[in-house]
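Here the chain labels run A, B, C, D, E and F in written order, and each chain numbers its own residues starting at 1.
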Amino acid sequence: GELTHIGPDGRARMVDVSAKATTAREAVAQGTVRMAPETLKLALSRDTKKGDPLGVAELAGIMGAKKTADLIPLCHPLPLTGVKVEIAPHETETALTVTARVKTAGQTGVEMEALTAVSTACLTLYDMLKAVDKAMVIGGIELIEKTGGKSGDYRKNS
Amino acid sequence: GELTHIGPDGRARMVDVSAKATTAREAVAQGTVRMAPETLKLALSRDTKKGDPLGVAELAGIMGAKKTADLIPLCHPLPLTGVKVEIAPHETETALTVTARVKTAGQTGVEMEALTAVSTACLTLYDMLKAVDKAMVIGGIELIEKTGGKSGDYRKNS
Amino acid sequence: GELTHIGPDGRARMVDVSAKATTAREAVAQGTVRMAPETLKLALSRDTKKGDPLGVAELAGIMGAKKTADLIPLCHPLPLTGVKVEIAPHETETALTVTARVKTAGQTGVEMEALTAVSTACLTLYDMLKAVDKAMVIGGIELIEKTGGKSGDYRKNS
Amino acid sequence: GELTHIGPDGRARMVDVSAKATTAREAVAQGTVRMAPETLKLALSRDTKKGDPLGVAELAGIMGAKKTADLIPLCHPLPLTGVKVEIAPHETETALTVTARVKTAGQTGVEMEALTAVSTACLTLYDMLKAVDKAMVIGGIELIEKTGGKSGDYRKNS
Amino acid sequence: GELTHIGPDGRARMVDVSAKATTAREAVAQGTVRMAPETLKLALSRDTKKGDPLGVAELAGIMGAKKTADLIPLCHPLPLTGVKVEIAPHETETALTVTARVKTAGQTGVEMEALTAVSTACLTLYDMLKAVDKAMVIGGIELIEKTGGKSGDYRKNS
Amino acid sequence: GELTHIGPDGRARMVDVSAKATTAREAVAQGTVRMAPETLKLALSRDTKKGDPLGVAELAGIMGAKKTADLIPLCHPLPLTGVKVEIAPHETETALTVTARVKTAGQTGVEMEALTAVSTACLTLYDMLKAVDKAMVIGGIELIEKTGGKSGDYRKNS
């Protein structure tokens, strides 16, 4: 597998993608913040001491996507052509679900940008709500699907 | 509770902490990255296409703590007096556990800094290992304990 | 006046404030974005192609305050203890008024932080609304008042 | 008009420009800083306590253009191919005029980059001169012209 | 020579590269950190109070390359397609040698990115080792070779 | 010596300075850029294709000092109370000498801030002048003196 390509020196590097084609790429990631029922109710009222937690967290997620190459040491800096972050109540759990969709035309994928958007939005929800609930848990952050690029499409097994 | 203090206008704000005392504050947060057994084996060998995933992720976590106020819209910018990030195999699951401990002397706590350090380290582990495993899941990101500050100490229920 | 203290070499410098006392400081700044009546109506409906322009701009203003020392070459980096940005319709003009209030405990004032918050919020309003109105004009950005520090309080002449 | 395209959910988003062509784009923006006559005289002498205010502000404007996507939440990150910022005395008012010209080859325009360059240069002029004049007013920040892109060229009515 | 093209106004500018072709470009830069023999021995043991100095500095160098346009006022922001930083003992001196290789497909070269990577790695080595040796000297930072672009290839005279 | 305090786990960490006193600290660092005689003449004329290289580099050095904790992975973020960068012709060599003086009141020293200011100014000189001379060499970057803090004052042996 890919492991046979491991460099002989074991050094960290930003992988050389110079020879890869520039193609349309897209990634979707998801995560959740589990919280007490009254915290969820407060969040959905969109009215806390710090403002509307869902709106602020969605915006923070979009801005977080733009900081990915700054945060993740070996990520390639990429222009992004579209970012969307949506926060909604989880279908079955007492939780909020964050979904991020990121697009680019580039030589490498945007999985990390989508995951960073989700992660930043989850952290922001925690920050907005922590005055009333410090026991919230961020979890289930994973890649849902990615398209474009030589390595082929990926879709999470359901 | 704290909700009675909600501002009348519902606007997002960076809460005024001017009147709070500057005290020693500390926070510990934790999270995990679940992965396939062979991915974990590869991670623990500390030898991947991009270098040593644990070492790189620990460093990214420390640097992430310093970017907290840049990422989380309403966080106060704070000087930090100490940051430690440790990644180790999970005791029972096929996973890596990230633990971050952050200290400051300030007017507000460092919970968000500890959570951001954990979150950034988890994302970096994903990035370092995604060439062999796109199905990894980041989870269980939570505050373990915090000390210092008027609102009192907090310790996660176990 | 202060001009007699001009350095003999004419070089740019970050002025040495080491000997100044750390005191509570506060600054308020204001600015406006003039626009067509239908643009203002759209903005106040808080429902545009890019989302709620007022909410997004208020948040951008707060985050902008935190970037002041990064943007303004000779500004001292400062911890901030409170930032508030409010956008409201102008009393007499077809315009939105942005007001920012910034607090710190530091050795130098936060005028630039308040002005940068206003400026960033105005730019963000332009960005949120430019799809329907490219002729908007940002203006009237000025310091309304500042308190704290050796140079004394300042209040704009009205 | 464009308003019929408003998303059904009212969420903030970074608009998807994936399908837009990469074309040469250019934008020119302008703004002024009004000040007392003696402040203007000092500024034009290019010799203040903090150095040459015009030179420093022009440089800050160029660097500000590069920070646009970091400051304005929903701006697309863009490579820039040219930035020029010029500060000169206003023709009729006791003021300095800042003019910024920004170029790129991209899928979206550089209006915000030009406006951010102007705004950052104006704030820097304020910072460089505020020791002698706190009553300066930044104003008249507007788009002068833009070329390139599907939405067509724009030129300010004069 | 190139000097005949000097602008008539002497202003700092980000040179307009809009008309340049997008081509594959690469640059290699090098630098050294001279230190006491016992410091070098400690560094090569990769085990100091702050961790493995070589591994941390290599990573800092890669991340530094991504910050070039943020640090160097008139540098164009560029996507990078590959960055590699290697630190090894100098062949003849009591010193560590840092070598950085940076690639892009762009309208301007990556010499500054390679030099910034080297410089950041050298500073990080200093930081990691300064507890035992404050007299280290960073030197010999220079461009070794560059390829791609209209101005032709460059190779340091040896 | 200090080496007996090396942590048992070999991990990178931001050293805990919580228990250190906040004292006035200052550091001076220096470096040079060696260049061809005609390049030096051009630099000293302060009139190149990109503007005044000395003025731009001095400003970049000051701004670089503020980015130290962002660039150097294990540096503590610190407020700075004064930064001065001066560039002058070297006394005996065909070179420019950069000197940076940085002050803070903090729990840790500002050696890295002074060295980063010097390094950033040197890189900027290279960038401003590289159109006419790619063979310039940055060197001699070292700490000249530091005062304040428990570890005592340091002065370079001359």
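Note that contacts are C-beta pairs under 8 Å (C-beta built on N, C-alpha and C of every residue); 3 or more make two chains touch, one makes a residue touch a chain.
Everything numeric here is computed off the predicted structure, so don't read it as measured data.
*Asks:* Touching both chain D and chain F: give me those chains, sorted by label.
*Replies:* C, E
*Asks:* In terms of CA centroid distance, which chain is the most far removed from chain C?
*Replies:* Comparing chain centres, E lies farthest from chain C.
*Asks:* Copies chain C, chain F: same or different interface, half of numbers shared as the threshold?
*Replies:* Copies use mostly different positions to touch.
*Asks:* Sharing more than half its contact pairs with D-F, counted by residue number, which one of B-C, A-C or C-F qualifies?
*Replies:* A-C
*Asks:* Work out the mean Cα position per chain and let me know which chain is farthest from chain F.
*Replies:* A
*Asks:* Taking the mean of the C-alpha atoms as each chain's centre, how many Å separate chain A from chain E?
*Replies:* Here chain A and chain E have centroids separated by 31 Å.
*Asks:* What is the distance, in whole Å, between the centres of chain C and chain D, each centre taken as the mean of its C-alpha atoms?
*Replies:* Roughly 15 Å separates the two chain centres.
*Asks:* Two-or-more-chain contact residues of chain C, please, as numbers and ranges.
*Replies:* If we look for residues of chain C contacting two or more partner chains, we find 11-13, 15, 51-52, 55-56, 59, 63, 67, 70, 73-74, 79.
*Asks:* Identify every two-chain combination in which the chains touch.
*Replies:* In this structure, the chains touch in these pairs: A-B, A-C, A-D, A-E, B-C, B-E, B-F, C-D, C-F, D-E, D-F, E-F.
*Asks:* Residues of chain E touching chain F in their complex?
*Replies:* Its residues touching chain F are 1-3, 5-7, 10-13, 15, 31, 42, 46-52, 56, 59-60, 63-64, 67, 70-75, 111-112, 115-116, 119-120, 122-124, 126-128, 130-132, 134-143, 146, 154, 156-157.
*Asks:* Would you pull the chain D residues touching chain F in the complex into a rising list?
*Replies:* Contacts found on chain D: 51-52, 55-56, 59, 63.
*Asks:* Going by the contact rule at the top, pick out the chain D residues touching chain E in the complex.
*Replies:* Listed in rising order, the residues of chain D that touch chain E are 24, 55, 58-59, 62-63, 65-67, 79-86, 103-105.
*Asks:* Can you list the chain C residues touching chain F in their complex?
*Replies:* 9, 11-18, 69-70, 73-74, 76-79, 106-107
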